[in-house]
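First the structure, which I've put down as structure tokens, then a few questions once you've had a look.
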Amino acid sequence: MKARIEIRLKPGVLDPEAAAIERALRQLGFAGLKGVARAKVIEVELEARGPEEAEAELRAMCERLLANPVIETYAIALLR
Amino acid sequence: MRAAVVTFPGSNCDRDLRVAMESVFGVPVRALWHGERDLPKLDLVALPGGFSYGDYLRAGAIAARSPIMAEIVRFARRGGLVLGICNGFQILTEAGLLPGALVRNRGLRFLCRTVDLEVTTTASPFTAAYGEVRHIRLPIAHHDGNYVIDQDGLARLEGEGQIAFRYRDNPNGSTAAIAGVLNRERNVLGLMPHPERAADPRLGNTDGVPLFRSLLEAVHGAGS
Amino acid sequence: MNAPPITDELIAAHGLSAEEYRRIRELLGRTPTIEELGVFAVMWSEHCSYKSSKRHLRKLPTEAPWVVCGPGENAGVVRVGAGKVAVFKMESHNHPSFIEPYQGAATGVGGILRDVFTMGARPVALLDALRFGDPSHPRTRYLLNGVVAGIAGYGNCVGVPTVGGETGFHPAYDRNILVNVMCVGLADEERVFYARAAGVGNPLLYVGAKTGRDGIHGATMASASFGADAEVQRPTVQVGDPFTEKLLLEACLELMARDVVVAVQDMGAAGITSSSLEMAARGGLGVVLDLDAVPLRETGMSAYEILLSESQERMLMVLKAGCEAEAKAVFAKWELDCAVIGRLTDDGRLRAYHRGRLVADLPIAPLTEEAPVYARPATPPKPPLPFRPDPEALSIDPDAALLRLLASPELASKRWIFEQYDHQVMADTVRGPGGDAAVVRIHGTDRGLALTTDCTPVYCAADPRTGGRQAVAEAYRNLCAVGARPLAITNCLNFASPERPEVMGQFEAAVEGMAEACRALRFPVVSGNVSFYNETEGRGILPTPQIGGLGVLEDLELRVDLALGEEGLVLLLLGESRGWLGQSLFQQMLLGREEGAPPPVDLAAEARHGAFVRELAKDRLLCACHDLSRGGLAVAAAEMCLAGGRGARLEAPPPHLAPAAWWFGEDQGRYLLAVRPEEAEAVEVRARELGIAIARVGRSGGDALILEPAPPISLQRLEQAYESWLPAYAEEPQGGLEDQRDAHGGPGA
Amino acid sequence: MKARIEIRLKPGVLDPEAAAIERALRQLGFAGLKGVARAKVIEVELEARGPEEAEAELRAMCERLLANPVIETYAIALLR
């Protein structure tokens, strides 16, 4: 089974990296740019008896290691 | 010797590098701002360590697109000497002046310590003065010093003798323990260790001095 | 937007007491607006007002001929020679680091850096004093990793070397870790800037990052103890941007080198509010703010949010009128936002306008100098019960015991931590972490600053007064041990809730102990910080008056190191050994107890011994030197051997002392010196002439440490014991939320 | 117009962070785990006259800054 976990900063949390990328693109002359945001994707391949089990497992991975619940949110998508 | 050190927003070893070069070269070294679009007449341009643009996106990526880098690429293509240390090395790979790329250390942590190195070639304007001394110690201080290059690229580096320094005890997972590389024309060097932090007897290590002396001799001839 | 009515809940949520609210109403002669309530809440918070500590801090000596500026400014200023001053301070970021260790620690570094460069000084060194809970506590590993990475991530990027610090573990910090960071900067004496506003009509220039909704009410958070609901605090987490800080640092120093800046203050706790108020208050002026001019990162921010935001990497400057364009050009070069957001007035009031509305109109004095001050009830600490070990427990095999101590969390090498810090950037670090005090060259000279942080919390818990004296004395000793002249200290006083009389009792006693030591050692306090409410559900930390010491080495050539480099040196033990084991690490690690009184501190002897060691250093008689602290003689000898890669043989204990007392006693005021054999006698004679106890205890040589009559311990085994614990512990996989929930005392806990 | 750019390491380039995540998850007891990979997402909002122009612009951003062709590949998805 494969899954994608997408992790991003909660709204309102400062993302200095996104701001720096936006500034750099603008300086390179991309005038139509209106905003930049970032997320990380973690793709996991795992064995599970079914989608429920997989989802529970993935959620546990996020809560225990992958996401920092204080400043980040995550979304899980099972690919199959 | 006409030398300059470039300051990018976030560079933090620019002063250190100027001080070290001035102590060996015996002449003032210019400070260049990253936004400048013309280079003065120079023999050597050095890109210092630090965290240009916070190392955001990829270490060295944003700095490599600074206005001054276009000039430096032109300068290098004409045969000018270009030295990149730590973040400067990252910038040179991002700018395409050196092959390969630098990614996160294998241990994922920032690492600051003094390491044992092998001077792999003295056939370059950066390393000639090491002469018989092939085993040196220099400080490293980086988070993204893990040098990656594909098999073909590595074979080319080895075939052409472009590997300038190797770690004796690979601290960051670099391919073939590479700590510093030359371009094929041998006028551009990038290395992760900090020779400028080992150029003052008061700090207990002078193993970086021959690197700067090599440059002086390359420009002015041996005996200078 | 409708302003909420000022209810009792709202007042309590702002951390104001009913009595304080009554005073506010009386001062204003009306009900405050919500913005005004917010301003009072932060300005009268413990964090900003020092309302519980002020009376006691006055007892600390703050003056000496070399002190240029003591407490009260952003940082203390002392003369260090060659026309230079050192500007330094220590600050805590305890609560934020427990909630989000990486960002909490990172923004702590950012804040203390700004305190120093605000004064026109270039930061040249950082030190971090860290206390974590029991290593076996489920959250400790996560916090350790996050805090260290946060300090590294910020300090390394800004390019200021982290040259030293301290790291301790104790269950009392399980739910309240301590992250104290000290920053030292250098400036020309005549170019120091103060946060004193002057010149009615002068513009207030806002510089740096845009304002977002970060850390609103961080200052009140830093003054509230944790309940079971620490999660509720989450939205206030601030994120640091060291890149912007670096630009801000360079831009401010560039501007301050010109003649356009009147006063500067960083925006720390309570942001725009406290920075503008404090500058105006120091100059006896008023200020009018145009909140619409503040550069914002988020849309729809209210006046309340703009006034109280704690977004990082921001500064407020009073400029000379007419210099706005010059200042703006400098900040534009560094790609930083800046805006004139107000002006100085002569009416002693803070007035803030937002969208054409006057949202706050407050007299400044009651918010600052005249803020409430409390004489909180205090119960004096109980004297500790004596430690009466049974004699059998003290006849031990010193080699096995030493290996246990070296591998203990308290003593084990902190290399895993300090190798994550760039301790060499700026190329002036002469001695980085791993010695008694770090030594940083004063750029362009042959002089050096010596820097250390010290505190022994178990001593402070057993006897706060002695603990306070000891912390200062140990800092003094660490500086002397490298040959430096101690000049002054900064401090960070970390305690539990001041509303508990026993905690106030600890605080008073610790401050008194510090004051005695500072006076006796001519080692004044020039800056500092108080962090109260380090407790969770009534369980407080050990009292931790963290000291940051600064000294000067007139000539770097005369620096002494602890590394035992040569064969055949004579080891001399300076100071009296009575075998004090009360509160010792030996007791804790080998007997599993924390009993008795801490070792007494004879301040006159400390001063005498320190001066003597400095004299010996000046006369180049010391090949190596190390002060004795936790773990006593055996540990000091082992650390010297490890640092120099050379063994030593130490003679058997004198007959009147039990082996454990001799090898591991923690009597104060002692140093272990390595001298050339032909000079040993001269050193002994000089000591005796001064009435200082000195004894030959061994010789250097070989590749093992021998504690007679025990079998030799090879350097390899010593190193294995010393170096293995921390990396093995820290790099085990970390747990996440589950563990955090547990630590927060979540459901069922 | 909004777009997502997904950037990942080329096959064959070792990813020390993904390796560390995998190791850590395994040590935390996620036994069914078979593999971990990472990608970064950069979300860009831009003004463009149409999807072609947007796509050309985004491609230029990737080539000139966002991706390092020595070690990375990228994929662009227009969201609207």
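Chains: A, B, C and D, in written order; residue numbering restarts at 1 for each.
In this section, a contact is a pair of C-beta atoms (placed from the backbone, for glycine too) under 8 Å apart; a residue touches a chain by one contact, two chains touch by 3 or more.
This one's a predicted model, so the numbers in the text were calculated from it and none came from an experiment.
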item	value
Co-neighbours of chain D and chain A - touch as defined	B, C
Between the pairs A-C and B-C, the one where more C-beta pairs touch	B-C
Interchain centroid distance [CA atoms averaged], chain B/chain C, Å	36
Centroid spacing, where centroids are CA-atom means, of chain C and chain D in whole angstrom	41
Chain centre separation in whole Å, for chain D relative to chain B (CA means)	29
For chain B, residues contacting two or more additional chains	53-54, 56-57, 62, 65
Residue numbers of chain A (touch at least two other chains)	16, 20-21, 24, 28, 64-65
Multi-chain contact sites of chain C, meaning residues that touch two or more partners	241, 243-244, 335, 733-735
Arrangement of touching chains [line / ring / star / complete / other]	complete
Of chain D, residues touching chain B in the complex	12-17, 20, 64-66, 68, 70-71
Touch list for chain C against partner chain B, complex	149, 152-153, 156-159, 241-244, 246-247, 334-335, 418-430, 441, 446, 556
Chain A residues touching chain B - in the complex, by the definition given at the top	16-17, 20-21, 24, 27-28
Chain D residues within the chain A interface of the complex	6, 18, 21, 24-25, 28, 30, 32-48, 57, 60-61, 64-66
Partner chain C, residues of chain D touching it in the complex	23-24, 27-28
